[in-house]
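Both of the next two complexes hold subunit A, though its partner changes from subunit B to subunit C.
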Partner chain A sequence: MEVRGGNRRGTGHLRRVMNYRVDLILAEEQRNATVLNPRSISRIAIMLLVLVIGYVVFRSVYGFVNLQREVSWLQERWDGSGPMSQKATQVRDALTLNLGTMDELKGWKESRLDWHTQIQPLEQVVPVTIQLFTLTMQQTLTTETGPARSALLIVDGRSVGEQAGENVERLKNVFETAPAYSGLVKRVEVPMFTADTTPGASKADRRFRIQSAYTERHFR
Partner chain B sequence: MPFGIPLSFFLCADVQQARLPPNSTIDDERTGRKQQKKRMKSLHDMLDRLQPKLNDVVGIEITASSTVLARLHRTERGATLVGADILPAVLQSVEDAPPHPVALDIPSRLRGKYGAIAVNTAQATVRLVSLPGAVDAGSEAKLIEGLGLEKPSDYRIGHKVLVEGHGRSESRVLVVALPEKLAASLPQLLPSGSPVPHSVELSELAIMTAFTSTPAAAGGGSIFIAFGETVTLFAIFNRNALVLVRRFDVGTAAVLSKVKDSFGVDDDTAFGILCDSAFDISSIMKESIGPIAKQIVMGRDFVERRENCRMENVCVSGGLAASPGAMAELTAALGAQPATWSPFDALTDGGASVPESLRGHEWRFAAAIGAALATFGES
Partner chain C sequence: MKLPAAKSERVKIYVLIGIGSAGVLYAVWSVGISTMLEKQRKLVERRTELQENVQKAERKIGLMRGELDETIRTLQTICDETDKYVIRSTLGDNYLLGVTEKIEQMARTAGVTIDPPTQVGISDVPQSAQRPSKNILKLYTARVSLACGLSELVRFLRQIDTSSPYVCVSAISIAGQPESPETHRITIDIQWPSWAEKDTAEALKRQLAEYRGMRQ
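Then we have the complex of A and B:
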């Protein structure tokens, strides 16, 4: 017996309704009314598995075919660009060589000393009591700390008069302190200061030599 | 036994339902399935919670000539009709059902979530068996024996204990047998999608469920006669409880056939003759309805004496309910004017949504509506 809700026509009011069903369906013949049931879940799982496997296989095959196509295309490009590649290699080698040359030339330029800037101040500072005989400019290449050029300016001359020593010393100071030599000259020496033995020279006259050593100028 | 009616035909109230294994093969199969189900119990439990409620059911009656559909929706106020239709027969022969029949093509508006199938076939057997004491495992053989089947293993047998006996009192059990082939074939009519097969029962019992859902069965004693196509059901209810049920293998088709033979007319004309009073078909009715009416009278008298009650209503449903000749025969036999019963009386809306073309055929939906109502009753 069960109790059913009432209604106007049929079951009227709350009253008992007999259910005479003798159900002959088997449990396995019934289906789940929801979309989710063990059967549908297993079907979906199998379908998903097949889809995943299919996708992986498809991706692998597709990737393999794509790679083969790319290899083939690259091979064709490689074959077609062989002469160009050789030419490019030659151009690159020449460029490297030229760049090296240019660097070397730049180094020469950088290490070069403008001698006229070193001589020009002399005519302003050399007193009339000093006569210059020779100006010797020497340059040597050194490689001890990389390629570099070192320079040496040698001035030979005669200083006349009682103030000969002072004048030579003054000239030496010019090489040490004048702006034209500042930062360039590292050492100034007077290796020779002797009496002038030339005919007609007085006793106070002197022969002298001033050596001005320049700082090494590196190529770069 | 008085009037030749076996005592085992008397019924009362139901308390439980069980199903008998028709043979050991099915028994073994069931055991295997049970074990398999046990393993998946947790998953099933989880999924069962997602099961929609039994609120949207389409009752499906399978007969030899048609497929009757009635989709019901249960609301708080009661059951309402969503739609109904009568389709051509889906099984070429109900008696020789194929193991994998063609799927039933249900119109979308009639596709409920669950399908309650009722089958109308003369091959089914319904018996009320009385057993001393309680029904137990040892009673099964007696129940099967009570069916009087030649080869029970060919049948799917189910039973419902209507009265559980204690001590000396009898148990009364409604026992039903349906050919296994047919029983296995019916759920296959709904192989996928909605509706899902929920139950398989006999049309006669579904009609009884529908009848007891209407006011006609309420009150004192009621006699209910349902003229089916090939089977006529006769049941007596006392205070809305079934106390007698009989089933006669004579239906509207047999009477119609006699009219056709007598007048040499086609089906439609024969039905027309049956439904009007222009022709004298009293002899045919006496010949066809007379024996049934006699059995009904005997049963009524027996019940009235035994139950100490009086049958106040006689309700008739089915094709012959529209025949004045049949009604006259019954009136003469019973001494009371039968009232026409409509299964739509069991619905809150009275079947307002029945298509106009099906008006006058309300009785044909009795089993489908009863099957759906029985499903609502299970939840």
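Then we have the complex of A and C:
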């Protein structure tokens, strides 16, 4: 036990007063009475840290478990829809292929030409002063602007009389402008126009060739 | 447990506890948390992948019914058209027998007399450079010769042209005959579609039956 004493001087007259404070607690047992002291702060801090770590760990584990559940649910959906999806892919591929085949069939229809409509007008339009020797039409398959049918119509003949040139020109115009050929023929030429040298021909008679190139008709 | 009375001893113990806790935390991190995070990263990747796959699959499945119907319609049209208009070989590679019958029928209808048709050959339709795809049809060409006037020829050509939307006159040669000005010597090349692969027609029918079965 420790006894401490002291005196205090008053003013005016001398007065001796004795004060004693008695500490009944040992020095090493003495504690700070304030709530906020370094020890309590550090305890609170440690508890908060533990709580925060615990919360983070809990959230992570909870999230992880949820994620696992979600993945396994998605996997089940995928396992269920996978085979059906493969069938759907197969159907789509087949559709693409078959639409290609339809295009091919359409191309066959669109690339052809009704030749009776091209020959028929010749019966009416060829003047009596023109005699046709040969008519040839040759169709070729081209690929320059995509697969297409391209035709060339060649007419060889003789034009008799003084108007031979005009008659050939008129016939050429028929191939250029007659409704049966319009939109189908892209170019008409007369690559040959010469004197007719066959026996019996007059000086004014001419041999000619008219060549009509048809517009390419595409397969696709 | 009581902590030692001496402050320096207590500090040592606190330091030891701190070091120990840090070690334990590190061990927990490296063994548990980081492994879990790594797994989590992989799971997130897998989830994204699965979500995309499932979405795509469900979209495809959603469209499948319509596409299946369209496939069946398309196949049916192809089968109907090709059954009617694509020529078939008889006894091996003989297409001529079949087309001779057709040509003779057309000639009879047009009222012209023809010579026996001959075979020119089978050729490929050129491929499109923009859309290269295997063609299922080839060109079969036969030649027919006859002697007739222009009106008869036009009638015969009309018969050929209207016999099929796929048949194509690929060459015509008309030569006048001085001894008989009203009658011309005529040669006509006619093209029909023929199968590039002989079993295509059967394969298309099998496919049609398969897709019909899938719809039910």
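Assume the second predicted complex is superposed on the first by the 114 of 220 C-alpha atoms of A that agree within 3 Å, B and C clash if a C-alpha of one lies under 4 Å from a C-alpha of the other, contacts with A are read in each partner's own complex, and residues count from 1 in each chain.
The criterion applied here is as follows: a contact is a pair of C-beta atoms (placed from the backbone, for glycine too) under 8 Å apart; a residue touches a chain by one contact, two chains touch by 3 or more.
The structure displayed is predicted, hence computed values, not measured ones.
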{"item": "If touched residues of subunit A are counted for subunit B and for subunit C, the larger one", "value": "C"}
{"item": "Touched partner set for A:Q30, first subunit B, second subunit C, both or neither", "value": "first"}
{"item": "First, second, both or neither for A:T89, with subunit B first and subunit C second", "value": "second"}
{"item": "Which of subunit B and subunit C A:V22 touches, first, second, both or neither", "value": "first"}
{"item": "Subunit B versus subunit C as contact partner of A:P38, first or second or both or neither", "value": "first"}
{"item": "Which of subunit B and subunit C A:E162 touches, first, second, both or neither", "value": "neither"}
{"item": "Touching partner for A:R220 - first (subunit B), second (subunit C), both, neither", "value": "second"}
{"item": "Shared subunit A contacts, counted only where both subunit B and subunit C touch the same residue", "value": "28"}
{"item": "Of subunit A, residues touching subunit B in the complex", "value": "1-2, 4-12, 15-34, 36-38"}
{"item": "Residue ranges of subunit C touching subunit A (in the complex, touch as defined)", "value": "5, 25, 33, 36-37, 39-40, 43-44, 46-47, 50-51, 53-54, 56-58, 60-61, 63-64, 67-68, 70-71, 74-75, 77-78, 81-82, 123, 125-131, 133, 135-137, 139, 150-151, 153-155, 157-158, 160-161, 165-176, 193, 207, 211, 214"}
{"item": "Subunit C partner contacts - residues on subunit A that touch it in the complex", "value": "28, 53, 57, 60-61, 63-64, 67-68, 70-71, 74-75, 77-78, 81-82, 84-85, 87-89, 91-92, 94-95, 98-102, 104-105, 108-109, 111-117, 119-120, 122-123, 131-139, 141-143, 146-147, 149, 219-220"}
{"item": "Interfacial residue positions of subunit B with respect to subunit A in the complex", "value": "13-15, 17, 19, 30, 33, 37, 40, 43-44, 47-48, 50-52, 76-79, 113-114, 117, 156, 158-160, 174-176, 178, 183-184, 186-187, 190, 194-202, 205-206, 208-209, 212-215, 218, 240-242, 345-350, 371, 373-374, 376-378"}
